[in-house]
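Each of the next two complexes has subunit A plus one more chain, namely subunit B in the first and subunit C in the second.
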Partner chain A sequence: MTDSLTLQHLPMAAGNPPSGLPGLGLPRLLPGSGTVPVDLRAHLAEHGPLRPAGGRNGLLHEVAAAGLTGRGGAAFPVARKLAAAAQARPAPVVAGNGAEGEPASSKDRSLLWISPHLVLDGLQLAAVAAGSRSAVLYVPRSERLHGRLAGAIAERAAAGMDAASVELVTAPDRFLAGEESALVSRLAGGPALPAYRPVRGLPRLAPGRTALVQNVETLAHLALIARYGATWFREAGTEAEPGTMLTTPHLADGRISVTEVPLGASVAGLLGLDGIQGPAEAGTAGPWVPSAFGPVQAVLVGGYHGAWLPAAAAAALPLANAALRPLGAAVGAGVLAALPADRCGLAETARVARYLALESAGQCGPCFNGLPRIAAAVAHLAGPRPDPRARADLERWAGLVAGRGACHHPDGSVRFIRSALRVFAAEAGLHEQGRCSGTDPRPFLPVPTGSPATEEDWT
Partner chain B sequence: MEKRLRVDPVACAGHGACAELLPELITLDEWGYPIVADQPVPHGLQREARRAVAGCPALALALARVA
Partner chain C sequence: MTGITSSTALWYASRATGVVTLLLLTTVVLLGILVNRQGRLPGLPGFAVTGLHRNISLLAVVFLAIHVVTAIVDPYVTIGLAAAVLPFASAYKPFWLGLGAISLDLVAALILTSLARARMSRRAWRSIHWLGYAAWPLAVLHSIGSSADARSGLTLGVLVACVLATATALAWRLSRAAREIPRAGRAAAALNRMSARKAGL
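== the complex of A and B ==
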């Protein structure tokens, strides 16, 4: 699972609780060193048994005081979801979402592999909040991971520590597999396709039966809040966005790691950016910023539904929605990619745009028709001397797909592509003259090869 | 209490009947899928709106009450 990854822990004084306050320092979710899975004995030795004081109401109160938000990307307040689940009759089905369909993100897989008991603790707590006796853990198709998790579930069953039974459900290897309504459709026995949900609130699994879906990292934070409390949780992060989050930084030298940082940590620190803007040299498309891992021209924040930012702008930002949202970006699920200065940002965007078009579920007309045309236009703009009409077509199609799908796939894809047109405007100018600043043609952002395209691929 | 037209984008198959029955509020994009005006259905068009809802072969159009 984590063979190709480095687990990085940056020294962050702000994350350590002051003396006298019980609790953990950083990192909270993953062990301080090594990538050896934490078994039940080690887990209990570190954190002790799970005994939420005050029962369901105490838990809801503590989570609300902690200000925990969903770590799957949407940053929805967890307390509000749990409160809705507590009110729902019959009790909702509880699901831990570890699908992580985003190819650039590895944090959920790493967490499930290394600290499965934190996630399973959190799943039990979610079941307590929902008043449910059964729960589901939705994870990518991987024999190794399934074996590991089945073992962890069995360890807990043997110890008789869980009130709710836990079933493993396989997520198909698709970008949208973890979209909440797609997960719910899968749990209901159908394909993992997004559904149209005109009504707000908990998603409906079947007539009269709702589901409580939380990202697996969110569940792990829940397990720690139940033990160490809201005050401890708030020792890291900002007032508005408390706690830590797992991120997947892609460094300019191509290395990918999983790192836990407090919300509000510096983007420059995560990517080794120097913060001093380099010169716009002749032949290059724009200014770049030196980093410990090579010069960087732009940073992708928030993954393939996220946004590109110029490297100099990104280097000055904290990893917090309060700072990112005004720039059209968001923390998302913590993907940060430092695009090296020697790559063509348009070519990178075109590859990902094609992938996103292929990953449309094909259910909604505007997305099904629009995304492939948009992707083709981006590919055209990434080539030499593009037809100027391609840009106008792209803008028109982008306007036609945004906001018109059952899920946010068209919106997120358009956000990503529009940000590329802004940030790589100088590069687009070079392409109009038949030039390109990219000198290294190797792909930088990960895109799975051979996208599946049959019905079975959604199950 | 106002009423708004809502399209279920999954159910919609682009028949285009809605745009024929209610051109005042619904146009079609270049692929034949409806673009609904972002406004409440005016009182004078409620009958036509109900006809468009009833006339959708895919049952994808709905008239929703919005508080």
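== the complex of A and C ==
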């Protein structure tokens, strides 16, 4: 995970920062160079102690002015969640969500590894907003990461700087482990399984006890907003989607990095795509776009619940929901994957579809029956000479599954598969003729092995 | 009794709707068991069974309402409005009508909680929905006890058929529960089934 991490930073014009404020340059969340973890002393030397001016109301006001949204994927306004938490009685349990079940994303664990004190600062601020004295950090199962975070928490306790106690809770290695209701179930001592949640507002941990759940990157942004203010935060990003976000670009040569960019940054810049469209050669599924790391045929935006876009379309887009939503995609948790021209998009989609089906929590019929059936059909489509009716069948089944689960797993999975049917339509046509444009059989998108077999696999 | 007069019309209507209600309630129980065990009806997708269960429940409620209203309005025996809702408050056959009243109250609770389902926790809704299993035998006992003609002929046949069908469905449900796939293995089992089917093509 973090051993292979390479950090890239897009150069930004450095203005003249007002005194006491950091420059406009990126990165904000990760140190300027290298992957060396920032300890407490270095953290305090860089950012100074955490003294939110104006108390709880000042903090809520500043976050609302900053327009910070959740960085876990849903982009829900943080100020609204904090305001709901401030009103809840008794005070909600505050949870930092670093589960990052998405196999293609590594930004949360990178952030936890390199800048744990920004996350822990943010967790304390969320506890202040909620009026809570106890907080939880929900992180992947990794002894190294646990050891490091436990050390950071102990360092802070020794310095006496935290009002709320922080407990580490392990997230199972499951795709849905970070889903909000799954996290809440895990905190309540049960398996990390999503639950049907009819009532809007904060999720309920136990009768009469709610939880405030924020992604760990969101918390890190919170720590910076509390120090430098909303105006500083808005110096990066767009008017509608302010600030920066961590992304996990998968380059066409197979390298994976974690990069912080302002929202609205160009997708082409992140993946090294050239603006010029390559030729649609005979025997290939469609036009590809050259990139600094090899030719690219399509871009997966937003991870395994996201959507494929043709490379030429993606190269013209900014990384912002305002531009992506009309195309059926979303920024999500910042996963971007440039599929090389020599891979079969249907084979990649089939591998991921199978993984998504196996990661069903097995609770809702449309999900645990529908997704395997859909995954089997995508595998059929990825093979030689598929039945020409398979594509119509897939569309019909997708319609029967979407919106019919307790959580959004069926919806997100179907969104991903439908986008593949659109973007790789020419490839499917080739397969029906008994051909395939993929020449490199190696898998490109990361897919973990091992599916849940017992209830313990969710704890 | 040689024909239907205006005074016997209500009595007949009450009897007839009672029998139809029992048939419909039995169908609801059978479909409910099928929904609970994710069973299928030939030619229908899984969610259509859920829809059928819900719609026939509402149809049963309509017949139940007519059954109760005609019984109250019928001057042949005096059953007050209170006796229709409050168990054992009737002067006429207090025990057997009381069972019917309890059954009616349980059905009313099921309907009201299902209408408010989006606003309540799933666990609360589910626990109240389990009362459906109690409403049905109460309705059967009420049918046997409160009508003398249910002890012979066609009405007896209907009763026996309802009881046999429900008993069979319950036995099937219990046997399915015993060999249920735990949720951790459900998607994998389905994927194996699908792959086997594809290989067989």
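Heads up, the rule we're going with is that the second predicted complex is superposed on the first by the 446 of 459 C-alpha atoms of A that agree within 3 Å, B and C clash if a C-alpha of one lies under 4 Å from a C-alpha of the other, contacts with A are read in each partner's own complex, and residues count from 1 in each chain.
Throughout what follows, contacts are C-beta pairs under 8 Å (C-beta built on N, C-alpha and C of every residue); 3 or more make two chains touch, one makes a residue touch a chain.
Bear in mind the structure is a predicted one, so any value in this text is a computation, not a measurement.
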Superposed partners subunit B and subunit C on subunit A - clash or fit: clash
Partner chain in contact with A:H380 - subunit B first, subunit C second, else both or neither: second
First, second, both or neither for A:L358, with subunit B first and subunit C second: second
Touched partner set for A:G405, first subunit B, second subunit C, both or neither: first
First, second, both or neither for A:L371, with subunit B first and subunit C second: second
Partner contacting more residues of subunit A (subunit B vs subunit C): C
Which of subunit B and subunit C A:L212 touches, first, second, both or neither: neither
Partner chain(s) touched by A:Y196 [first = subunit B, second = subunit C, both, neither]: both
Shared contact residues on subunit A - subunit B and subunit C: 195-196, 198, 363, 365-367, 369, 400, 404
Subunit C partner contacts - residues on subunit A that touch it in the complex: 193, 195-196, 198-199, 354, 357-363, 365-369, 371-373, 375-376, 379-380, 400, 404, 451-455, 457-458
Subunit A-facing residues of subunit B, complex: 6, 8-14, 29-33, 35, 62, 64
Residue ranges of subunit C touching subunit A (in the complex, touch as defined): 38, 45-47, 117-122, 182-188, 190-191, 193-195, 197-198
Touching residues on subunit A, where the partner in the complex is subunit B: 195-196, 198, 363-367, 369-370, 400, 404-406
